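Labels run A, B, C, D, E, F, G and H following the written order; every chain starts at residue 1.
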Amino acid sequence: MNPLSQILQDVQSGKCDLPAAQKRIENLMFADLGHTKADLNRRERTGAGEVVFGQGKSAEQCAEIAKAILTRESGVLITRLSPDKAEKVKAAFPDAFYDELSQIMRIGREREKIENSHIAIVTAGTSDMKAAREAELTANFLGSRTKIYPDCGVAGLHRLASQIEEIRKAGVVIAVAGMEGALASVLAGMLKVPVIALPTSVGYGASFGGLAALLSMINSCANGVSVVNIDNGFGAAYNAHLINSKK
Amino acid sequence: MNPLSQILQDVQSGKCDLPAAQKRIENLMFADLGHTKADLNRRERTGAGEVVFGQGKSAEQCAEIAKAILTRESGVLITRLSPDKAEKVKAAFPDAFYDELSQIMRIGREREKIENSHIAIVTAGTSDMKAAREAELTANFLGSRTKIYPDCGVAGLHRLASQIEEIRKAGVVIAVAGMEGALASVLAGMLKVPVIALPTSVGYGASFGGLAALLSMINSCANGVSVVNIDNGFGAAYNAHLINSKK
Amino acid sequence: MNPLSQILQDVQSGKCDLPAAQKRIENLMFADLGHTKADLNRRERTGAGEVVFGQGKSAEQCAEIAKAILTRESGVLITRLSPDKAEKVKAAFPDAFYDELSQIMRIGREREKIENSHIAIVTAGTSDMKAAREAELTANFLGSRTKIYPDCGVAGLHRLASQIEEIRKAGVVIAVAGMEGALASVLAGMLKVPVIALPTSVGYGASFGGLAALLSMINSCANGVSVVNIDNGFGAAYNAHLINSKK
Amino acid sequence: MNPLSQILQDVQSGKCDLPAAQKRIENLMFADLGHTKADLNRRERTGAGEVVFGQGKSAEQCAEIAKAILTRESGVLITRLSPDKAEKVKAAFPDAFYDELSQIMRIGREREKIENSHIAIVTAGTSDMKAAREAELTANFLGSRTKIYPDCGVAGLHRLASQIEEIRKAGVVIAVAGMEGALASVLAGMLKVPVIALPTSVGYGASFGGLAALLSMINSCANGVSVVNIDNGFGAAYNAHLINSKK
Amino acid sequence: MNPLSQILQDVQSGKCDLPAAQKRIENLMFADLGHTKADLNRRERTGAGEVVFGQGKSAEQCAEIAKAILTRESGVLITRLSPDKAEKVKAAFPDAFYDELSQIMRIGREREKIENSHIAIVTAGTSDMKAAREAELTANFLGSRTKIYPDCGVAGLHRLASQIEEIRKAGVVIAVAGMEGALASVLAGMLKVPVIALPTSVGYGASFGGLAALLSMINSCANGVSVVNIDNGFGAAYNAHLINSKK
Amino acid sequence: MNPLSQILQDVQSGKCDLPAAQKRIENLMFADLGHTKADLNRRERTGAGEVVFGQGKSAEQCAEIAKAILTRESGVLITRLSPDKAEKVKAAFPDAFYDELSQIMRIGREREKIENSHIAIVTAGTSDMKAAREAELTANFLGSRTKIYPDCGVAGLHRLASQIEEIRKAGVVIAVAGMEGALASVLAGMLKVPVIALPTSVGYGASFGGLAALLSMINSCANGVSVVNIDNGFGAAYNAHLINSKK
Amino acid sequence: MNPLSQILQDVQSGKCDLPAAQKRIENLMFADLGHTKADLNRRERTGAGEVVFGQGKSAEQCAEIAKAILTRESGVLITRLSPDKAEKVKAAFPDAFYDELSQIMRIGREREKIENSHIAIVTAGTSDMKAAREAELTANFLGSRTKIYPDCGVAGLHRLASQIEEIRKAGVVIAVAGMEGALASVLAGMLKVPVIALPTSVGYGASFGGLAALLSMINSCANGVSVVNIDNGFGAAYNAHLINSKK
Amino acid sequence: MNPLSQILQDVQSGKCDLPAAQKRIENLMFADLGHTKADLNRRERTGAGEVVFGQGKSAEQCAEIAKAILTRESGVLITRLSPDKAEKVKAAFPDAFYDELSQIMRIGREREKIENSHIAIVTAGTSDMKAAREAELTANFLGSRTKIYPDCGVAGLHRLASQIEEIRKAGVVIAVAGMEGALASVLAGMLKVPVIALPTSVGYGASFGGLAALLSMINSCANGVSVVNIDNGFGAAYNAHLINSKK
């Protein structure tokens, strides 16, 4: 039985008065650490456990939040964790895995992997790899298998063409591209599965930190493209995993 | 056997010379109408038949394209078709269905509906209904069942709260909102399924024709949100259907 | 009697000639320090004493201005004062209080606190704390009691829900949020008091240094929201205090 | 006793089972009109009854919503109602009052006016009158007295100076200005009360439909200014009324 | 001998005094019509005769300028000439050719066509035809042969693939596309000739009247792309002709 | 003696009590027409009489304001007055002069013209004439002589070159240009007098209603350029007149 | 006699052949240093000698250009010269004057000062001093006397009021302000002389590096304001000097 | 015979089965280095060998890609290679040439130069030299001769005038300018050849990193201008070379 239903039933049956019920519900839902209310029933509610956004938090705060989550989950992911903060967090969790390119740390175990479907991550250029790796590690943590197809930008379509048959087998595709972001449209025109467009800040001049790519992807003339924030590999992977785990 | 593989085999076996093979492949793929190359194998390639974007095309062009598609498909959808153009197209297809609010015409049959999953379309306000209806008719045409939950904006969260349990049962959710577009974040924080955020141009002043809502949705602090273009009900539904039809 | 009226009366009665009157009025109003005209009758005129905006001023200038103000007020606040400049100012005012997170220094006493009403400061995430603290210290200095409710973002509404009853008791609420800024709308939809929306530059990608949050808040679909500049905790608190001190 | 508390008590005492309780709570809170969920307990929750935003709704929908609200309130306001729609709504409510300049309709009674405090509405130019009138009628409806000070722009400060003593007596001030929007800063530098800045789309060239005024007001160098959306007289008045009615 | 050199020689030889020389040079160069200085030696200077930009000029002014140019050239082109103005101009030039789609009028003869090279004009969709036609008529007038390849957008790359071999034979290519403008990058990745990218205002939502396409094209990851203004078919053709006529 | 000094002296000498003095000063300064406070001492204060900005005011309001000003001035100018409103105002002032191109009306006399210096108004193209004319009529009204040099855009520099010697004789130059606005830089590089850059909304595509020209002019690499708002011929002329009338 | 006229006369009289004449004209006009063409007749042409923009040039280049100019002028100004580059340039010109706040170096003498008129430089806040100083040193170099009025922002108008009578005596006024830039409008409403608005990048949040101030100033509701680029103290002073030196 | 045709013929003749054919085609086209798919037949396809964009790639990756390309080409260019990475790459290629100003490295030989035509590179100011040099080295590598004309900005047109006759002899011109970018328009108005406009990020204040120059160039009133990305010297040169090598 769902713990929340249990509490409501206890209210109805008189086992539990109202103030007590409210307290029980709160404990069920988050851990109040003062600076942060760690969301403990996110998996219950949204299908995926809490992931910590490391940017703007101190190493100490990250470690504390991780501890709170690990009371309920077998693993936790910290994104946007700079190398120097990562070192400090590792002091508390010596077995943690840290990837410098994407600045992601994983403490504890990844989930069981979904069997019958996986996520293809296609990048336009070598420099898009940072966002692609953030997506890969996130998806793996949440329970999806992934395969990265690097350097398939539209300036040399034959590179993409040679791999399109394999890409077609994925359950969902993440298109990672900066500059003009045309990769998402080209992919969506060739595939039967949803394409998550992940604009990156790769580029210069009038690319405006990824805005040109984002606008291009939002205006895609091909069907089946939806877009996440610039460089948001985590968000792309989260969406892709929700789709990939659909039964 | 896939018709393209057949042709390639015929090349290999000598049944077909190279120029003839090229011609056969082209005929398989699109009908050249002069002004338009109607895409006849889009269902083969992308899982959904050709849909006609009516804006910027004459009534005559729309009708011609529809005819070409109907040689291969049992139905065709024309979006952004103004009432006066719709009237002219109806002359050629008297049984066509036309919805004035969303300016969509359907000629022929909708697809068989997917059984075990449906799409929830949640709108922030009454004025978002136009985009929501475009999404609904598109999804129905492609083969997904839908349910619209109108007027659930975050200014009165109890309206949303009263229906959230039902919304949770959908396989994918479309969040339709103008103004500040907060609905997508609030929904994604409560759900285990992907949320397609559909910003609308509803609003005034510094809403900049939907840009404020789009930016808000792209920056969603909740996980599981991806975004389509402003007022692009068709695109939202197309994505949602791809997800909804995943097995 | 108001000192300005006194001077005008002296003009009328002939006690004071015109050039002398002008001089007296000026002395009443500001201290000319060469680089700065410290505003000495701001409390008279606007209800709150002069607060020094430290950014772009040298430590020496800050100290000099503070001294001029302290001839008339029992305390002075310096905002946006970097730690290295703070150290130098402290040499002149050893009893000064300095908060490193918000980079605010207070020299001398806070005002008497208003009794029957207080300000609630609600933040969306841990990283919004810097702006929230600036608001808190400013409001306290001006004479308002405050309570901070951290990490109540809309991605997990239950965290907000558990505290909303308490928040309702405030006389005015400051909603602090970066990213999509939806917190202001959600709060305003639940409250009978004015909500001051304080957008922060927390975020990345298409958040454009807080612009996305600002636009979202300006377009709020809920009634009762007004907005101050990005990261302007001081301004939010000043407004909130004016409201909180209304009788 | 608060009706919601009553229902919760009934659940606890067993008088009411859970599905029935949910239904009762919903009925208490909004009227589901199909296209719209009219918010019936907004006054309870936010201190002011439902006001209908007429733009994007048909005359029929406006009338229906008004009727639903009038079952609970003694008056209702419809904003952004074009003259032709107003005529149709008047057919259903012959006693309704309609103001063509601000395109506001009031059906039924205004609230009792607050006695000890009022709202000053100061405009920069004659062309800002439309937004000022929207603010005035809204504030009056909600229960605040108002006084408009037209044409006090900063290009001729003596016009403002001649009235500033009177303006000082207001409990809150709305500064209405297009073009460069400097009026808000100038007012805030002279007053002890909060200034709600209302940018208007008056202007041309690089005023970008009011954006220049909005940016100017958000960046005000004077303390005590907060900002609402461009031309949003309703929002300015709503905020001002919340402040004006504070005790 | 170049007429300008003649005049300078006459100055040197004493045949012509300075004021007279100045007058002769001016007469050589433009016709002063009061409202306009028709540029009569543009062909001399820039390789192409004067073309009249009709927008913002009256029908009378257009006709007068055309007459002045025809004293020196065998033909003249008027672009952006609305149908009603076209009618009036035709009264003066009954043999003029007018194309309603592109709103271009040609009076007199096209130039001799360049033999060994032509311009390919590739459009992404049917709605891009207006700009493509402006380009076609301009290029033809200036002396280049053209071929249009309509509806080759990247959402269905097979349509482009089937024609790429033929497109390769052009001396220069104009890529006409709205929405995300990806066509230019894809073409440039396949071709040995310069690609002039012509963004169009076709699209909706966040396409911002063609800005998204323009930014996308300016950021092209493929080499060999340069960009002209939105919907500027004339400019694209003028550039293409300069390249096409290079020997 | 200055009337204000007189009043102050009367206060000092006891001839006039304070409330009476305030009233006298106000009467001296503006006429309160209810909707408008007509600024009667603007000439005193700023060197030029009141000019009425007609946009957003009714014909009746314009006429009323004109009447109030004519009690003190021998002429008045109304700018941005549409033809239909102009007709109505003319009913009250049959001798008024109205120019349809620039939509300016002058009632009464122009000022005496300044003798030793004049204003040159140089336009880039025929379509910039509307703004140029607004500038011309304004400058003439205020008392400056003007000469317009039409169609001198940088695409054919010889047209400008032929007139530059004459332009050099002006006391100040207004450069009127849309599109890329390069004219201002080119002029300033050749002249010893201030150049007022007047961007116009002439153009299309990425000219964004004159913003491209404005940015170009603000970034001028030549010294001696300052900029007024897009299409603001009045403002350009007002500035130019202030400079031209400097002794 | 003007040296250019001399050369032309020599051509006419046969004293000088055409290639020699061209060479002589070029030598007259600039010194070709390879990297730079130092403009030697700018004073002749534009009324003010060459000033070197130091940003983006090496110390060596700056020194070389200065030397070339000093062959013709008695002084030269280098703007935007960082302290480390200044040190190197000083090695070549030990008597040079360098101001660290504004990063300006002057080598050689200032011009004779104009007697009967001066420039007032009014700043909104202490932090605007950097741009004000750049303006002051530039104007002094070019030959205008200046007086700075610091810290007169509109948040405390009495500070401005106390000095307005003195400011009125200037021949031209520079208004230096960041944030909302309202100072320019307020000043122009009180003065009979031209106001050069100089927006600064002082501010934070939505001030966008001075853009908010620039837009505000461009949209000024007061007459007599023209605008230069953000932080462009040099440009403001150059314009002001041209006006101030008008006879 | 074209190697691809050979493979297809081998398929037809039975010499090669399908999987083998696919492999052979891929090997022909790119080298898969894991992180990068080096494009080996770009010269075949687009007329110019692969050039490596160094930004965002490690020194090791750059060296590896260079090696792969050198198996097929006699030279390779690496752009945007910072000095520290350049040092590392030089360890592997001791004969490489590196230019610090433009951050370009060339390994191996430049192509044979085209004889009858060259590229003129005209810059507005000394600070535009960095982009100009990137263009020069790129064009030389691809096989075009170049000549740079530095410091010809429109603020002193005589500097440009003295060289225009020589510039006219080029086959194509690159106009390099920051600030207001007027140089491109002025050049195009004087030339018979295509002008590639290369905006640079030189400037400050409202130049927005080159955006003002880009907009100005896109809106050029002169014919024959097309634009590449800000600071994209490589792209400008690539386009120019394609044109210059046209026969």
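Worth pointing out:
In this section, a contact is a pair of C-beta atoms (placed from the backbone, for glycine too) under 8 Å apart; a residue touches a chain by one contact, two chains touch by 3 or more.
Being a predicted model, the structure only gives us computed values, none of them experimental.
The fewest steps needed to get from chain C to chain H, moving only between touching chains, is 2.
When the partners of chain A are compared with those of chain D, the chains appearing in both lists are B, C.
Legend: contact pairs of E-H compared by residue number with C-D, B-D or A-E; the interface matching in over half of them is C-D. Taking the mean Cα position of each chain as its centre, E sits at the greatest distance from chain C. With A-E and B-D as the two chain pairs, more C-beta contacts join A-E. Put simply, the C-alpha centre of chain E and that of chain G have 41 angstrom between them. Measuring from the averaged C-alpha position of chain B to that of chain C gives a distance of 49 Å. In whole angstrom, the spacing between the mean C-alpha positions of chain A and chain F is 58. If you average the Cα atoms of chain A and of chain G, the two centres end up 53 Å apart.
In chain B, 45, 125, 155-156, 188-190, 205-207, 211, 214, 218-219, 223, 229 are the positions where the chain touches two or more neighbouring chains simultaneously. Residues of chain H that touch chain G in their complex: 125-127, 129, 150-152, 155-156, 158-159, 162, 202, 204-207. By the touch rule above, chain D contacts chain G in their complex via residues 124-125, 153-157, 179-182, 185-186, 188-190, 203, 205-208, 211-213, 215-223.
Listed in rising order, the residues of chain B touching chain E in the complex are 22, 25-26, 29-30, 34-37, 39, 41-42, 45, 53, 55-57, 61, 199, 201, 210-211, 214, 229-232.
Those residues of chain A that touch chain B in the shared complex are 45-48, 51, 117, 171-172, 188-194, 196, 214, 218-219, 223-229, 234-236, 238-239, 242-243, 246-247.
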